[in-house]
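Both complexes below contain subunit A, partnered by subunit B and then by subunit C.
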Partner chain A sequence: MADRTMPSRSPLPNRPMNDGIAMSDDANRLDGVAKVTGSAKYGRDVMPKNGVFVSFIRCPWGHAQARSIDEEAASAVAGVLEVEITGREGRYHGEPIGHIAAESLAALRRARSALNIEWDPEDADTEIGSPEASHDDDPDGADHVLEAVYTTPVQTHSSLETHGTSIDHMGDRAIIYASTQGTFSAREGMDRVLGMPQSRFKVVCEFVGGGFGSKLNGAGKEGLTAGRIAAKYGRPAWLFCDRAEEHLDTGNRPSSRTHVRIGYRDDGTIVGGSVRTWGGVGVAGGGGGVVMPSNRYDLGRIRKQHADVRFNGGGPRAFRAPGHPQGAFAEELMIDEVATATGRDPLELRMKLDREDERRSMYELGARLIGWKRRQPTGTQASVLRRGFGIGSTSWNRFPARADAEVVIHPDASVEVRTGSQDIGTGQRTAMAIVVARQLGVPLDVVHVSIGDSSLPAGPASGGSVTATNTSLAMLEAADNLKETFLERIAAQLGVVAGALKIREGDIMQDDRRMMTWQEACAALGSAVSGRGSRSRRSDRQYSGSGHSMGVQFVDLEVDSETGVIHLNRIVAIQSCGRVICRKTAESQIIGGVIQGLSFALFEDKLLDRNTGAMVNPNLEFYRIAGPADMPKIEPVLWEGNQTGIRPLGEPPTIPTAGAIACAVFNAVGSPVRDLPLRPDRVLDAIEGGRS
Partner chain B sequence: MPQIQLTLNGSPATVDYEPHHRLLDTLRYGLALTGTKEGCGEGECGACTVLIDGRPANSCLVPTYQARGCDVRTVESIPAETLRPLLESGATQCGACTPGVVVTSAWVRSNPELIETHTLRQLMAGNLCRCTGYDGIIDGVQQGLDMDAESRGAKP
Partner chain C sequence: MNADAGTIAMPDTIDEALDAMAANPDLIPVAGATDLFVHWPEHLEAHERSYLDLSHLHELRGITFTEETITLGAGTSYWDVIRDPRFRDELPILVNAARTVGAVQIQTRGTWAGNIANASPAADGVPALMACDATVHLASAARGETTVPLADFYLGYKQMRREPDELITRITLPRRAYDFQYFEKVGARNAQTIAKVGVSMTHAAESGWRIAAASVAPVTLRCRNLEAQLDDEGRPASPDDFESALQADGVAPIDDIRSTAAYRSKVIACIIWHALA
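Showing the complex of A and B:
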């Protein structure tokens, strides 16, 4: 019904610059109808009848020992099935020390308060602090040395759908409705807790409410705990985090500290030096890497050292381009500081330092689009409102991953695209339909996608921008194989040789004559025909999947020098990703990457209380993410330059934004703000410092 | 179980509810209207937005009892054909915030005079989205307003 009023394709009136670049210029998101009408079912929406609700018991302090826990009182609460304490020490705010299972969410809440836990808080470390950088010799050949420390805070992923799993346990089999970025990795360990072989259960995640890296952790503690309870009671089980738990214990982008001591010449040439970085990894053993230098610029010989610093906080998880935005922030601002110190235009200096010719062309376009000519030299404005312009650059490599695919033509003339990979909002579903429709030669309307189900052909977990890049190669091969079989069967019916037939807009053509319509041909099949593909070395060659993505971003903003408030005017984001599959979802990925970078630059900060180690802002009011009114006009530009292969798009647009904004603020106020987020008080300090 | 009477998605309804249930719980868990999402549970993100007597409200902040006698509309009652602009403009990515966005946009569109005193970005500011960057959302609401103005025969 809805399909008739909701078109699968409609042209976009805006952004003429991007017209005609993508395989599909006008396809709407395939699952857009289900999403705007509210019919899309997410894991959290699946509440099987007779289900058991589960939640963790968590430490409320940065570091504490539970002296007394009234398990008996909690167990006695009506509707409570079990209370299990697995440890007494909490090493960070939000660390689970056990769980409760109950008949309802209300019983869970009552039981949690009946536990009446008395905690003995202990000293908690809450930040990286100021580790000493060992003394380095001045770099050879330098006229000057820049020594500076750049820091970034802990950023939480803040997906709108929280982490969790709903398990429909049906005795000898089960369906795991997981909010996950890995349909297949979410099975890991589940066989053990369910006491079932993997052949008896499957993971379903048709719709996932965001992840950004935080849902790459297999079944996760949420899934495994729900699985254990489901198996124990032989009933469905449901465990989803609330917003506070989501901030506290489902991963984050680790904080960073970057100490640079770098030499440069009078002409702005950077001759090398040392970069020492620290990553704040909470109680985790690692994962705090800072990608600085990025290798995009020629910075001479850099000696790099990194150390992870542990403190009493939840551990990091991959977060959209792990390590990159924090590194790019330091690198871009450092380059602008050198440019300003040597009296050079930051654009001109980047043209000189950048290692990629293609990115130079991007700088030229970006400068034109943002109006770089209007930029005034850094530190020359004395008005209340000060205009600033900044630049950042990005790159991302294409990583190989295993992917299988299947395409089926059904006798009712529908084409089914089958991939077990997941669409976490990226547009994977839509992209795969477009790739197959194009390769087969059929209209997009006949293509349906089965996705997010571990009984479908295996696909990679969505991390590192590998999903579309790899699955599409398998899809192309599957479509080619299917087309061959299909045309052989049709040719036999028509009494012609298969090689003479083509499919054009669904019609079966011989030379320029229509032999059969799509419907007639499919009906003539009698049964479904399928083709399979697999991403392999061979398919990589055949369908040219190499190459990396790159881009530049330009920022235009205003700083109120009396309040320190930053107002973004425009951001131009030029991005290459090889052959663009779907224009609308690609533009959306770019804008979405920019807003996460912007939000990181201006607002986000997981704050741990210095005395108690507790997070003081575990919500979406005081842990602020950018809202509609914070956003400038963002102009995504799909770069045509290197249109070969299907290249990564998820991570690269979020890398340069914070750095570009910091550079623009520096340009406006005349002194760099070296700590994110760029809070008004820090901006005012920079202005004051610049005056003194 | 106690009951309240209300108008739900255009029809009179008698609804059983747990006394401690928020309207959000009653909708999602009692009535299986899972289009309404829970994003934060404390009125910050707007994912659970419903219309109560024509005005947007965070259903996570409304005790079910408080909705007695009210006209409650959820995303499920918004006519699909009016949502076409949001689909076309790319107002959705992961979709978890989308139902709230849709409901707020329906409120804006049924009160077009609001844009004389507020910007669309201000009107939509109660709905947080982590994926789209809001451009598609704002474009979609604007196109919806244009479409409505056109069908009323007025100049947009």
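Showing the complex of A and C:
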């Protein structure tokens, strides 16, 4: 039988460059086995006995009025408890106009069909359109002007676990099993609909199947509707979206249109100009911002204007680095267009324009790792397969947030790490265990993490890459406080001065002499001992908590000039995040960000039918997401510089990928494709000399 | 509503299956059910229909090679062909086509005959079989067995020469010494994708060129005019020189969710031309 042991370190060529900065190089995700074997229970998996199933009644058109609804027939379906219509107008495909509650999912389906709703469709706007940019004067000091329009489509979050809530209502108390990015914020409004004080219910989300920003909206309409039904019938209630509803009505990355008119000199210097952006926000009031310019590059004086455009579509929600990937796509491709027009190498031009010295060092490393020397000048290849290289950059600020933590040592020698904040798939559970094990000086396998429960110490909602950065500081302080109390008690037992003792690999040491084993010391405690900590200005100072992250990505690809199909070869992603807690989950975060970025670049596109306003691809067959066969070799490099503090990592790696890919395609084929996704037909159009 | 609505008949023999189909022409034969289940959550009306489950019919299984013919029982899955070394040696075109169908789970369930009966113009298996001059063998309780060349099997979009009481029992291919086999599928992704454009081509001294195209017409097309052009004139100077033959063959793609007509017209000619280089 073949050796099935995974190598503890993957044999990446960059490894020697970032050895030694991680708290743990070898730790596996603590819940990995539970997840892949299915024993991890997500909110969606919780179907309490005697539960009521609830689903929304939704508009199937882009814009329509319900002329007639047979509520009576639907109510008469066996197993149906109630049918409630709350409105007759649907302003987008998937907008709820009421709900049904029933004893089973089958009864819900039959009742939806029995409603036999007759709709009067109205005209629907389905896209951002082509708003005219007002004409600006050419910037001063420019030898040339680049005027270009870059667009990106609506991208849906496509969380594996759909949005929803399962409520175990037990009369005078309840447990809310929510699929949420905010254990604590998911309580908002729940007290009102349940008619219960917050002291009588708690939110539990031990495992969350992705959210990417779309599960930050408190209890959400799914949770509040389930809560109302649970309270009304005094029974458990379950409401989760299906895959179509997930595409239609749980938020998205809004579409964007970026019109640039910038001046540049013969040497590639950009001397400013205007950037007009529009964000397609569906029926929402806002949220379509486009981060362009990013402020990473010196582009001279840029006049920026933005407007949100409404149409008949579901509204946006925060999506992993909101506004950034759209803006970075336009900015990176614009820079490469200027580089090509002035005969400069895009790497050389970025070295000149980038505002950060540290990122310049990253460009040098990235260029070496990707083999930038092999890059041909843009537009010089005539072969069937054309090679392209591209670059993108990223940055992310650190946002302070409230976080509390508690660490408990039990007499049986186990250590419990307690934080209520959730693990949305990032590896938070594993990271917290490593932080505490390191700080206490005990082996990782004695540490157990309690997480995702609103009765535990409070932590932030997972938005803005704040969870690990803030909770780990609280955890470090809690571990230090606990260690102090613990050693005081052990010292008293041993009759020595507390300051003389240390914990090393679990052993209680005085100087180099082992005084007690971990088991002996814990047993001697008699009762559990705990320590608490918080993220505060004090813990920030104590543990070097502040700092931002940055990175660069390099892409190597081939374009098939017959078919316009893009084959990604390699993506090198260099990323700083300060002190790495868990190397494997950190690298996994980077790889995941790159995958989401390349999927945005090549495939994802929420398509609304011009005639009906309905989404034509509300599934995972025609709403395409990159599959394993589409993924290149992705090489994460954890940057050694700036090692202090624990810095944000969740969002920055997804920002530069689409822009870097677009630049590489431009390099390969000689004309820019300015519209995402980079579909084969658009690439062929570019090859034929036209712009996409 | 039919009294049998929503039921599944499970025959033990081909004869039983044919009797069931004669008694109820609305029965839908199903082997791997891989096309049926794709749309199952959305096509609620499909839940009310009646099905004939062929998946356990051993008589439909089996691949035989004789001196002149290769026979695929109608229950032959893509995976059966992928793992059979005789195909790797003799008809890699079929192995290559099978490997592009869905994922391994689909390849082990889906059948070549099901691909023919599903009649999608974007099929992967059908053009490969067509380029190998496949013959479809049909049986009914009333009329016994008939055969139809696969290239003549389709009449229009999702329309075919199969009567409601007829079952595909096997597919036969002539054994030839091919000196050229080519399968290409252009999809959005590298796997788990449906063709924007597909082409299958073979050449043997005895038969000349065979070319079948997918996703460029309402049916999988055998391109006889193009075959004749290649037989007579060989590879032309440019893919544009295929235009009139392809038009005469009925290449008339549409804009749809997967691609555009313009893209398909251009790429079909390009990939054939480059395949001949």
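In the analysis below, the second predicted complex is superposed on the first by the 670 of 692 C-alpha atoms of A that agree within 3 Å, B and C clash if a C-alpha of one lies under 4 Å from a C-alpha of the other, contacts with A are read in each partner's own complex, and residues count from 1 in each chain.
As a working rule, contacts are C-beta pairs under 8 Å (C-beta built on N, C-alpha and C of every residue); 3 or more make two chains touch, one makes a residue touch a chain.
Computed from a predicted model, the values in this text were never measured in an experiment.
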- Message: If we overlay the two complexes on their shared chain A, which of subunit B and subunit C does A:Y42 touch? Say first, second, both or neither.
- Response: first
- Query: Between subunit B (first) and subunit C (second), which does A:N617 come into contact with in this model arrangement: first, second, both, or neither?
  - Reply: second
- For A:D242, decide between first (touching subunit B), second (touching subunit C), both and neither. both
- Message: Is A:L607 touching anything from subunit B or subunit C once the two structures are fitted on A? First, second, both or neither.
- Response: second
- Item | In the superposition, subunit B vs subunit C on subunit A residues touched | B
- Message: Contact-wise, after the overlay, does A:G627 reach subunit B, subunit C, both or neither (first, second, both, neither)?
- Response: both
- Query: Should A:L684 be classified as contacting the first partner (subunit B), the second (subunit C), both, or neither?
  - Reply: second
- Message: By the touch definition at the top of the document, which applies to A:G425: first (subunit B), second (subunit C), both, or neither?
- Response: first
- Query: Of all the subunit A residues, which ones make contact with subunit B and with subunit C?
  - Reply: 242-243, 619, 621, 627-629
- Note on the structure: Note: in the complex, subunit B contacts subunit A through residues 18, 20, 25, 28-29, 34-42, 44-45, 47, 74-76, 78, 80-81, 83-84, 86-99, 102, 119-122, 124-125, 127-139
- Query: Which bits of subunit C are touching subunit A when the two form their complex?
  - Reply: 38, 41-42, 44, 186, 188-194, 196-197, 257-260, 262-263, 266-267, 270-271, 274
- Message: Under the definition above, what is the set of subunit A residues touching subunit B in their complex?
- Response: 1-2, 5-7, 10, 12, 14, 28-29, 31-42, 44-45, 47, 104-106, 158-161, 207-210, 212, 242-243, 424-427, 584-585, 587-588, 591-592, 594-596, 619-621, 625, 627-629, 631, 633-634
- Message: Give the list of subunit A residues in touch with subunit C in this complex.
- Response: 109, 113, 242-244, 384, 562-565, 567, 603, 607, 616-617, 619, 621-622, 624, 626-630, 679-681, 684
